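In the two assemblies presented below, chain A is common to both, partnered first by chain B and then by chain C.
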Partner chain A sequence: MTDTRPVLAELQDVSVSFTKGNVTAHVVDSINLSIKEGETVALIGESGSGKSVTSLAIMHLLPRAKIDGKIMWHGKEGARNLLALSTREMRSFRGGSIGMIFQEPMTSLNPLFKIGDQIAEAARLHRPVSRQEARQIAEDSLRLVGIPEPRGRLNTYPFEMSGGMRQRVMIAMSLVCRPALLIADEPTTALDVTIQAQILELLRRLQEELGMSMLFITHDFGVVAEIAERIAVMYAGQIVEQGATQQILENPVHPYTRALLNAIPRLDKRSARLASIEGVVPDPRALPPGCRFATRCQFAVPDLCTSQPPPLSELQDGHAVRCARWPEFARVEYA
Partner chain B sequence: MLKMLILRIIQSIPVLVIVGAVVFSIAVALPGDPSLIILGENAPEVERQRIRLELGLDRPVLVQFGDWMFKAVQGDIGKSYKTGEPVVSVLAARIPVTLQLAFLSMLFAVVVGVPLGMIAAIKRNSWVDAVVSVLSVSALAMPFFWVGILLIMLFTLKLRLLPPFGYVPFSEDPVQNLRFMIMPVLTLGSAYVALVARQTRAAMVQVLSSDYIRTARAKGASELRVVTVHGFRNALVAIVTVIGLQFAGMMGGAVVTETVFQLPGLGRMITNAIFDRDYGLMQGGVLVVVLGVIIVNLLTDMAYWLLDPRIQR
Partner chain C sequence: MLYAVPAGLSLRGWNMPDQFNVLLEVRNVRKFFGVRGKSVLPTAKYVQAVNEVNFSVRRGEVFSVVGESGSGKTTLGQMLIRLLDPSDGEIMFDGVDLMTLDDQQMRRARKRMQIIFQDPYSSLNPYMTVGDAIGEVLEVHGITKTTAERDQRVDDLLETVGLRSATSVRYPHEFSGGQRQRIAIARAIAANPEFLVADEPVSALDVSVQAQILNLISDLRASMGLTMVFISHDLAVVRHIADRVAVMYLGRIMEIADVDEFFDRPLHPYSQALLSAVPTPDIRRSKQRQVLSGEIASPMSPPSGCVFRTRCPHAIEACAGVVPPLELKSATRSSACIRDDLLK
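Here is the complex of A and B:
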């Protein structure tokens, strides 16, 4: 089955670097990623893999970073490169066509303003509505994300709500202008497991109801399986493997992807201890010349893996992997 | 709100009693006999004894203290030993001067210091930040009397713009009053500009790195709106704290400033009262200063209450 949905957003060779003094950290390196209309794409990786930075780059929320490449947006008014927009133009995208929610619902809302006012602000920033209308929009928005008694809730402050409720408020706020794309940066990481499931379910329902696209950032493969159609695995600023969720979960090829999947505790497989990946993500200020995972990869061989950076090679439709030894691994069944 | 206010006022009473006791004991413990000050060094013993009886100094200290406190509660804080004037009426003439000086100095500190601190925070680690930081440290390092003398040299001797010292009540001649006040306010205010600027910068830097600021940007708010609405409101609690705390310290600066510019304020009155061994006046003066600090603390708490909904509920 071929996917005929038009592409909504497209990252073309996007690189992000931070320079301090004469040291430059290459945090994101030549990412190519496209998100179709109504599609949910997951960006997955460890802390420090560059996944959050990628999402913030789309929103221009990295004041000190140097961003290269193109982020093409195929909206109603034709294609535009988000990276070439003026500050004012970009502002209309933020919270307008692109909504964003974050990892920390406890601190992501302004503690001094009523939640009704914070949601209404999002509406008034983008639409010429009166105070009264904005308040109505805020109320409807709270109802949309399943908050009971939305009218009364408008007058509460964030500190009077639980983490799960606050994340619902964040979602309500990001959806006020019915964005075409919602970027969710680890929205469930800070929440209890039961609340996590509720929020995931909510996001999936809203995505379907509103027909929006979603870029879902996470480090949790369990979450990904629930929500994403396609997965891009990031490591040290690069995409090391991407493909349809089924392809990745059933037939992961990159040793890093396999290691990540192995790191999920499973009840059906008894093992003495939890699997982990030895070592840490390489310092973005001093990246190895070859494969960036080579230092932690148990299959790394000298020269082949350590001298040349491996290219992203396509195995079959849409499934691509950045590993020099992929033809060997692709034949080995993953269990 | 009302409940908190009443509670705080009740809490202030022991503070006032303790301060009253401390001030009273210092006056008693200090060397020097008030009767000698009033009558002169060669006064005959009979006369001195009469004065002591008149002032009630012959009674036990505790009785004197109790009597003083009892009258103080009724609004009578005694007479000046030196002039015989009621302390209350002396204070009534002095308080407005110091109040005006302190208020204008703080206003100057806030009006200049807050924007400076905000700019430094927004442009942190730039040359603007460095300039603000160097200016702040310099302003803090300069003693009040020295700043005062420099200002007199500039505005009076060089530019011939302002009178060097003196005072006219605002109600008599507002323009002349403000002309007399400019240099004292600059003197006392400059150090507080620096304090307020530094505190504002620190608070803003912290606030601007918070998650909710990123949220505000993510929903499309302009940078100006992010800084002034979302950022400043949150930094305000810290800024109000420093203003409230520094107000007490400002009384010390007021003593020096009033002396340099010969303003007839509370600070100078207390200094003179100490030199004159005019304990009656000194006690009254210190009591008023303490009362002022308590009131400012109360106002600071009320400001917190207004600024932060988390305190309200």
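Here is the complex of A and C:
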């Protein structure tokens, strides 16, 4: 079955670097990623791999960064490059066509204002509505995310709510303008599993009802299996493997993806020993010339892996991997 | 010891008179924290962090305490080695109630028990070199007499946890999260303890590093014959490391069971809900699950009767009436639920 949904957003060779003095940190390197209408794509990777920076680049929220490449947006008005938009144009885009749930819910809600006012404010920023209407929108969106007694809740402050409730408010706020794309940066990482299950179910339901696309950032493969159609695995600022969720979870090819999956303790069986990945992620200010995973990879061989960076090679329909030795690994069944 | 357990043999299913086997026994332990109101008068408000908790830990086993945020795991763990005093109840360590010990006796007992904290970033003193942080423990307990002896032992310990000895002259901030957790572990095992409380030792770490630390803990357990209370909210980690599991909710224990039994057939409705909520990287299994509605109630005013009843899909009127006691349901498991009819 071929997927005929049109592409909504497309990252083309997007790179992000930060320069301090004469040292440059290459934090995101030539990312290519497309998100179709109604599709959920997960960006997964260890801490520091560049997931948040990638999403903030899409949102123009990295004032001190150097960003290269294009971020194409295929909206009703035709295609445009988001990176070329002016600050003012982008402001209306943000929260309008693209909604975002930030990694830290506590820091992204203003503790001094009632949540009803904060959501109404977000609505008025993007829609020509009266105060009264904005308040109604706020109430409706709290109801949409399953907060009981939404009218009464408009008058509460963030600190009066539990973590799960605050996360729902964040989601409500990101959805007031019915964005075509929702970027969710680790929206459940700080939550308990039973609350996480509620939020994931909520996001799935909202996506179905509103038909939006989602870029879902996480470091949890379990969460990815629940929510994503496609996965992009990041390591040290690069996408090292991407494909359909099933391809990645059941037939991972890149040694890093395999190692990560093997390192996770399983709920359904007890293993004597976990496969750990020795060593640490390379410093973005001093990246190795070859494959960035080579120093930790048990399959790395001199020259082939260490002299030049491996390209992202396409294996089959949408499954791509950045590894010089992939033809050997692709044939090996994943245990 | 009378009933020495052969190395490598799990204590699971070991049917032996418990009094020979038990290292730690927790009897009716409570911890209430007073909450000061705005008025000057003392108010009668309490956080019921741990309530009527009973269990025992056998020598050589890893006993895991699981539960969601705020369920009382840390409070309980700290009472086990008397970093906190219980409001009520007894903690019997090797047959002696910790609360009856005077300072000197307690100091001697401390040598036998240690803790690893959750946060590898704040659990080490930033102004002390790694060598001094570990050496301090050796000196306090009089384990090494001379500086040379001390330094040698520090190097050995660092090697045991997989760090180079050159590490000892450096400061905590120079290390990654995983390395710091290794240092904290080296410090915890410095005095050769018999008993270790590990409070979420891998929660702050990435999975690749988490695997390194879990493997290290397994190795140490085998080589030192450690008895451990392993606190975690990550059930997959618990399945990997534990022999027995206790599930807490709002300060109370809902179920205690052998690890495989617990994961294969959870008995208590909360255990069932908790297990079904864990996302697994297995797309065939992931879509069917039971989602609990509602949120954890406040520990300042827990529901009457069963504390879980406000979220329990099987709650009936009677659940509000009495606090269900933690009862033995089979030789190897107990559960606190009056709806026995369901639990077959």
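Note that in this section the second predicted complex is superposed on the first by the 328 of 335 C-alpha atoms of A that agree within 3 Å, B and C clash if a C-alpha of one lies under 4 Å from a C-alpha of the other, contacts with A are read in each partner's own complex, and residues count from 1 in each chain.
As a convention for this text, a contact is a pair of C-beta atoms (placed from the backbone, for glycine too) under 8 Å apart; a residue touches a chain by one contact, two chains touch by 3 or more.
Everything quoted here is computed from the prediction, not taken from an experiment.
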| item | value |
| --- | --- |
| Superposed partners chain B and chain C on chain A - clash or fit | fit |
| Partner chain(s) touched by A:315 [first = chain B, second = chain C, both, neither] | neither |
| First, second, both or neither for A:164, with chain B first and chain C second | second |
| Which superposed partner A:91 touches (first chain B, second chain C, both, neither) | first |
| Contacts of A:200 with chain B and chain C, given as first, second, both or neither | second |
| Contacts of A:280 with chain B and chain C, given as first, second, both or neither | second |
| Partner chain in contact with A:173 - chain B first, chain C second, else both or neither | first |
| Contacts of A:224 with chain B and chain C, given as first, second, both or neither | second |
| Chain B versus chain C as contact partner of A:260, first or second or both or neither | second |
| If touched residues of chain A are counted for chain B and for chain C, the larger one | C |
| Shortest span in Å between Cα atoms of chain B and of chain C, once chain A is used as the common reference | 9 |
| Of chain A, residues touching chain B in the complex | 59, 61, 87, 91-96, 99-100, 102, 104, 107-114, 121-122, 125-126, 157, 159-160, 170, 173-174 |
| Contact set on chain C toward chain A in their complex | 68-69, 176, 178, 206-212, 214-215, 218, 233-237, 239-240, 259-260, 263, 273-283, 285-287, 289, 291-293, 295-296, 311 |
| Residues of chain A touching chain C in the complex | 46-47, 162-165, 192-198, 200-201, 219-226, 245-246, 249-250, 259-261, 263-268, 270-271, 273-278, 280 |
| Of all residues in chain B, those that touch chain A in their complex | 210-212, 214-223, 230, 233-234, 307-310, 313 |
